[in-house]
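Chains: A, B, C, D, E and F, in written order; residue numbering restarts at 1 for each.
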Amino acid sequence: MPVAPVEHGMAPGLERNGEQMAGSMAVVSAHAADFVWRAGGTIAKYVRHGWDVNVVIMSLGVRGESASLWRTEGQTYEEVARIRREEATRAAEVLGCRLHFFDLVDYPMEITPEVMDRLVRFFREVRPSIILTHGHKDPFNPDHPVVHKATVEARLLAGAAGVMPEIPPIAPPRLFGFEPHQTEMSEFKPEILVDITADFETKLKAMQCVPTQTYLIEFHRQLAEARGYHARRNGQSRDVKYAEAFQSYVPIVTDMLP
Amino acid sequence: MPVAPVEHGMAPGLERNGEQMAGSMAVVSAHAADFVWRAGGTIAKYVRHGWDVNVVIMSLGVRGESASLWRTEGQTYEEVARIRREEATRAAEVLGCRLHFFDLVDYPMEITPEVMDRLVRFFREVRPSIILTHGHKDPFNPDHPVVHKATVEARLLAGAAGVMPEIPPIAPPRLFGFEPHQTEMSEFKPEILVDITADFETKLKAMQCVPTQTYLIEFHRQLAEARGYHARRNGQSRDVKYAEAFQSYVPIVTDMLP
Amino acid sequence: MPVAPVEHGMAPGLERNGEQMAGSMAVVSAHAADFVWRAGGTIAKYVRHGWDVNVVIMSLGVRGESASLWRTEGQTYEEVARIRREEATRAAEVLGCRLHFFDLVDYPMEITPEVMDRLVRFFREVRPSIILTHGHKDPFNPDHPVVHKATVEARLLAGAAGVMPEIPPIAPPRLFGFEPHQTEMSEFKPEILVDITADFETKLKAMQCVPTQTYLIEFHRQLAEARGYHARRNGQSRDVKYAEAFQSYVPIVTDMLP
Amino acid sequence: MPVAPVEHGMAPGLERNGEQMAGSMAVVSAHAADFVWRAGGTIAKYVRHGWDVNVVIMSLGVRGESASLWRTEGQTYEEVARIRREEATRAAEVLGCRLHFFDLVDYPMEITPEVMDRLVRFFREVRPSIILTHGHKDPFNPDHPVVHKATVEARLLAGAAGVMPEIPPIAPPRLFGFEPHQTEMSEFKPEILVDITADFETKLKAMQCVPTQTYLIEFHRQLAEARGYHARRNGQSRDVKYAEAFQSYVPIVTDMLP
Amino acid sequence: MPVAPVEHGMAPGLERNGEQMAGSMAVVSAHAADFVWRAGGTIAKYVRHGWDVNVVIMSLGVRGESASLWRTEGQTYEEVARIRREEATRAAEVLGCRLHFFDLVDYPMEITPEVMDRLVRFFREVRPSIILTHGHKDPFNPDHPVVHKATVEARLLAGAAGVMPEIPPIAPPRLFGFEPHQTEMSEFKPEILVDITADFETKLKAMQCVPTQTYLIEFHRQLAEARGYHARRNGQSRDVKYAEAFQSYVPIVTDMLP
Amino acid sequence: MPVAPVEHGMAPGLERNGEQMAGSMAVVSAHAADFVWRAGGTIAKYVRHGWDVNVVIMSLGVRGESASLWRTEGQTYEEVARIRREEATRAAEVLGCRLHFFDLVDYPMEITPEVMDRLVRFFREVRPSIILTHGHKDPFNPDHPVVHKATVEARLLAGAAGVMPEIPPIAPPRLFGFEPHQTEMSEFKPEILVDITADFETKLKAMQCVPTQTYLIEFHRQLAEARGYHARRNGQSRDVKYAEAFQSYVPIVTDMLP
């Protein structure tokens, strides 16, 4: 099924390695592998449809999301960082997206003016029509809401004419939030269920590139299955086996009802 | 632009007067003209794209929404009903949708088991993939939340195998709420902005068929313009001049992000 | 201090026993003494300023709010009803308001079409510019939300031209909710704190007319004191000693900010 | 581990077949098997600790929750009812609780004054210190919120002295809501995670007594596993493998923090 | 109509140029013209009634709210700032309020301890009984919530005895939020509708002093008209033609119900 | 009544002065006496049951919560600090808990990376199974939400393996919020009512050690009484005379329902 970027009002003209791209998606991931667990199927699907998908890795999650590696005697920040970067890189190769490492320290994460500038510049460069990132609240993770807030702010700044006047501002991209681990306490609403049945194998392969958090593979397999069940209960098709859930943060402007 | 019903997983096969329809939409309107003010542009657009749009008129709004007619000396329920029915009929002709009058009394409106049965049967017959109706709360109208609740319930009953086992149950249609008059007090969120620029002239003509509430024509013209402004502020295109806003009541199962 | 009803845009002309009234307030009380505990100070103040205050007593609270009387051996519904009616009557005399007994059964309370008609007619007759009643939620009382819903609906019907066309409809009165017993679980917000310092003695006397719920006198004395403390913490004056809290249910149309 | 009912301030003295019971729990289940899927582990645990657990089955779920049975040619309401009653009975035997069939029609369910009376009488008879039932909202099931509302109301009426004065009123039981299928859209909060690891086998056996909804067995096995994961992430113990989640509807009065 | 500041418990004694003022209002505006679009009518009215209205302009909105000026080739921050300052100054002259420029950079805006000190000192000096500022949330503007938070904090610090002990603390002013552009996504509730019919011409003239955002003039004219319509639907008077909406952030302490 | 720490899955082994402790509780108090007013009864009870209770005093509340002391001519920050520290110390002696002064400046309070480190280290050292602190919102106090946020973050960091790898991370403690002064505007829910009847005398004595805020003693006595009333209305026992209310911020993992 061809994807019609013109439906989103996006001016065609994107190019990558001389090839015309169908559209541009940006993903902002707090830690090394968030983009894999939470949006891997959707990313794989958009890549398959010819989109240019660029992922910012804000931090490598060395301090807060690498518990298994710290069990090694004499473990160091640098070694954990090296391993997590390799995992993320391999997973991105499987999914077909490009990574941009911002190398912040995690747990907690600080968004300095320089980081904000870099994020704004990133949005101005990849000019996405869709942004995916973490949700606004997560009582179980100190960094996810920080990244949400930074992304929301950078998206607004990227659209303001007087900010970095040397690069043209972007039109407002749609903004969707990932499903967090404890949805109900995080005020997450699964407003959109993306059918990832055809791309689930790819997601599974990408997840298997992240042995540091190996216990999450089965967790996210079951989650995709549960969301697939919800998709069958909420939609017209009985064929959805796996799905990823997202929350929409801005009004969706559309030609026909979604 | 062709509409691809297959995107919604809807089995093709709808027919009307021997002609294949692109899809089926059901609208449940509390009073005679709610479907015109609140969804006229969207209805016109779907009709233009070949959809079969069926509208239930729960009541004619004789008691609660016909104030101007009651200024006539010696006015009667029957006469007001006659006028409102004619207005609705003319507006529907302009929009191209079919009306189904349930003829309940309004202000307040009572949903008896018979009414519920009739609504379930209606959904089983038109088999919509999309339902539009009022939102869940409206502190300024006693009937709108009643109709919302009835529609939600009928949608669920229409999908239950053991209810009216003689007619096959339907797959769960998507469910969207109209924009009410005082949005903020009604907990309305304009989650979806449908571009109705190309169909606004048709909506305007349909609104002009309803002189009983003539003051609403300018109100809804300005509202469509304000929503068009919001659409330009939220989307990729600068060309949206008029829009209608909807709230989504069930998770949207989708192939690509909306 | 003179009360300026013209500030509320209310056409003067109210009369009672040949005397011009400053304004009209309606109170809808689920049980015999709710109007005393929850709004006694405010009622006394409005009466003192020359307003006509009419209170509907929906039920006498025989089943749900008269526990102490049921400890008497051989107690009957009729006897409890007689006692509660007398208490309410005496309290109303102290406050200076008029009572209208609807004599419904409580716990649970059913709003039949006849009750709704009677409430609409009541509003059309006393033509209030302010209505006080219970809030929208109360997990500890089955009747309070029922009365709230009935009052909201009757207020809307009373303003609709085609309902009881033989009596002219009313302009929309402001609508405030009483403070319930367990505020936080009842979604009550103390948006308005009315200074009842000058009328607290009258409220106390009225409360003392209700020995059936004698334990509530001290409870509400302490509550008025706590709300007085909040008033001093939120306002410009240090002289508020007692206050009653209310929630506003409709936008307040005003000449100057309140 | 002994259960100390005195902690809940419950007067001992419960008896069943001449045996002293540790406490009394009431469960109100909308359909035939809701109590199994949603609270089977917790019920089994309380029974194991000597509690008397009584379950009201409001309806058999013939119309709305028996889709697989309606695929049989010539199926009847009576036959479906017979099968569902047998399944529920067998599951209850496994769990060790007692069933009380109210035999209402489902989809939709109507709570008449007679049903309310019966539910109040039930609470007065079993005198529970804990009640479990459905949550307040469920956009995917028309009956669950109806049963929630009825249970809340019956709980209040059962505590009112003037209602059925011939049976003494009960002290207010704690009230917990089951986990629904689509938690986030149902405003469910997993406030309490009960460790059911030791009773999961029993729950599994009980679920296997309900072949009509066989697909739910694996769904609820995975759910108990996911909630076990959340319990490990939220608690002091690493040994929780399976858990059931509940929402608390009234303030919890307690000796030490839970 | 005379304004009675004593109603608000405010000690009289305010003076400006030797003239007694009826009261003191403070307005905190994130960008150059926010006070005009969002509260121009209300400011004009209070000025007309003899109040001293002081407006803090936190930033000139050079980066985020001056898009039209940046279309000029070779545009600079300083030139845009100069133009915006002139526009604000002219509009304030029309409205009759005094401006206090804080000259922060916008998009994003940082509240340093020095800025907080200055804001606290400002409140201690003008000693307002009413403060107007932006609301707590605005997904479409990064600075508005920052200014809201700063104002809330400064209002509390201004009332604390041990902060700047050399200037006496103030009594807690009432606090109202402006109407933002996308109300429903910003959790704005139009709780108070101020009738600005008599002052609308003045507001219009003030808006016309701000050609940089010329498209907002018609937008806010239509908005004032829509809020006027809501005022007629919610109040006792049919004569309100234009209104401004505000949200109340602290309990309103009052003599009579508003 | 013996307290069974094993119920909370906490590994026994806590020691203080060579004595085995029943459990460990941490309290984070924004100002000098918050822990007394808001949790004094609960602290006294846990101490009585053999728990080790450690309280962090983030600031002495010199600027924001010592108004009465600033009435003294020539008052200084140091003198107020000295007095508040003495009051807190005496109150802690009465309650039996240990204090840890962080000596931050209040009104406003800034959480630097060093403060966060210190708080994380504190949690790693006392290894609590329960944490008490302020709630997430308080429109009347600028510091309480800051302390809430800091505590939530420190609790998460304290559990992360890669943060301060030289000290072992802790298992996730339960997290409860204090009752604030204006509950309804602070989104406080009294989810847990702890019976402090047996410890109220101790709390009263502790409160009397804080003459700087002497007016709060009667306020909190009445509050404990009102919460006692709510406890009787919500629980199985009639003997609760005084209670303290808390809000739960994380799912409660439990053996039996609380």
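Methods note: contacts are C-beta pairs under 8 Å (C-beta built on N, C-alpha and C of every residue); 3 or more make two chains touch, one makes a residue touch a chain.
If you're wondering where the values come from, they're calculated on a predicted model, not measured in any experiment.
With steps allowed only between chains in touch, the distance from chain C over to chain F comes to 1. Looking at chain D and chain F, the chains in contact with each of them are A, C.
Centroid distances built from C-alpha atoms place A farthest away from chain C.
Bringing chain D onto chain E by least-squares fit of CA atoms involves turning it by 180°, to the nearest 5.
Mean C-alpha positions place chain A and chain C at a centre distance of 54 Å.
One inter-chain figure worth recording: chain B and chain C are separated by 39 Å, centre to centre, where each centre is the mean of the chain's CA atoms.
Among the residues of chain E, those touching two or more other chains are numbered 140, 182, 185, 190, 230, 233, 250-251.
Chain-to-chain contact here is organised irregularly, matching neither a line nor a ring nor a star, and falling short of all pairs touching.
Every pair of chains meeting the contact definition is listed here: A-B, A-D, A-E, A-F, B-C, B-D, B-E, C-D, C-E, C-F, D-F, E-F. Residues of chain E that touch chain A in their complex: 62-64, 66-67, 69-71, 75, 77, 80, 107-108, 139-142, 182, 185.
Taken in their complex, chain E has these residues touching chain F: 116, 152-153, 156-157, 160-163, 165, 249-251.
Across the complex, chain A meets chain B through its residues 1, 3, 8-10, 42, 45-46, 49, 129-130, 171-174, 176, 190-195, 230-231, 233-240, 243, 245-246, 248, 250-258. The residues of chain F lying in touch with chain C in their complex are 140, 181-185, 188-190, 219, 222-223, 225-226, 229-230, 233.
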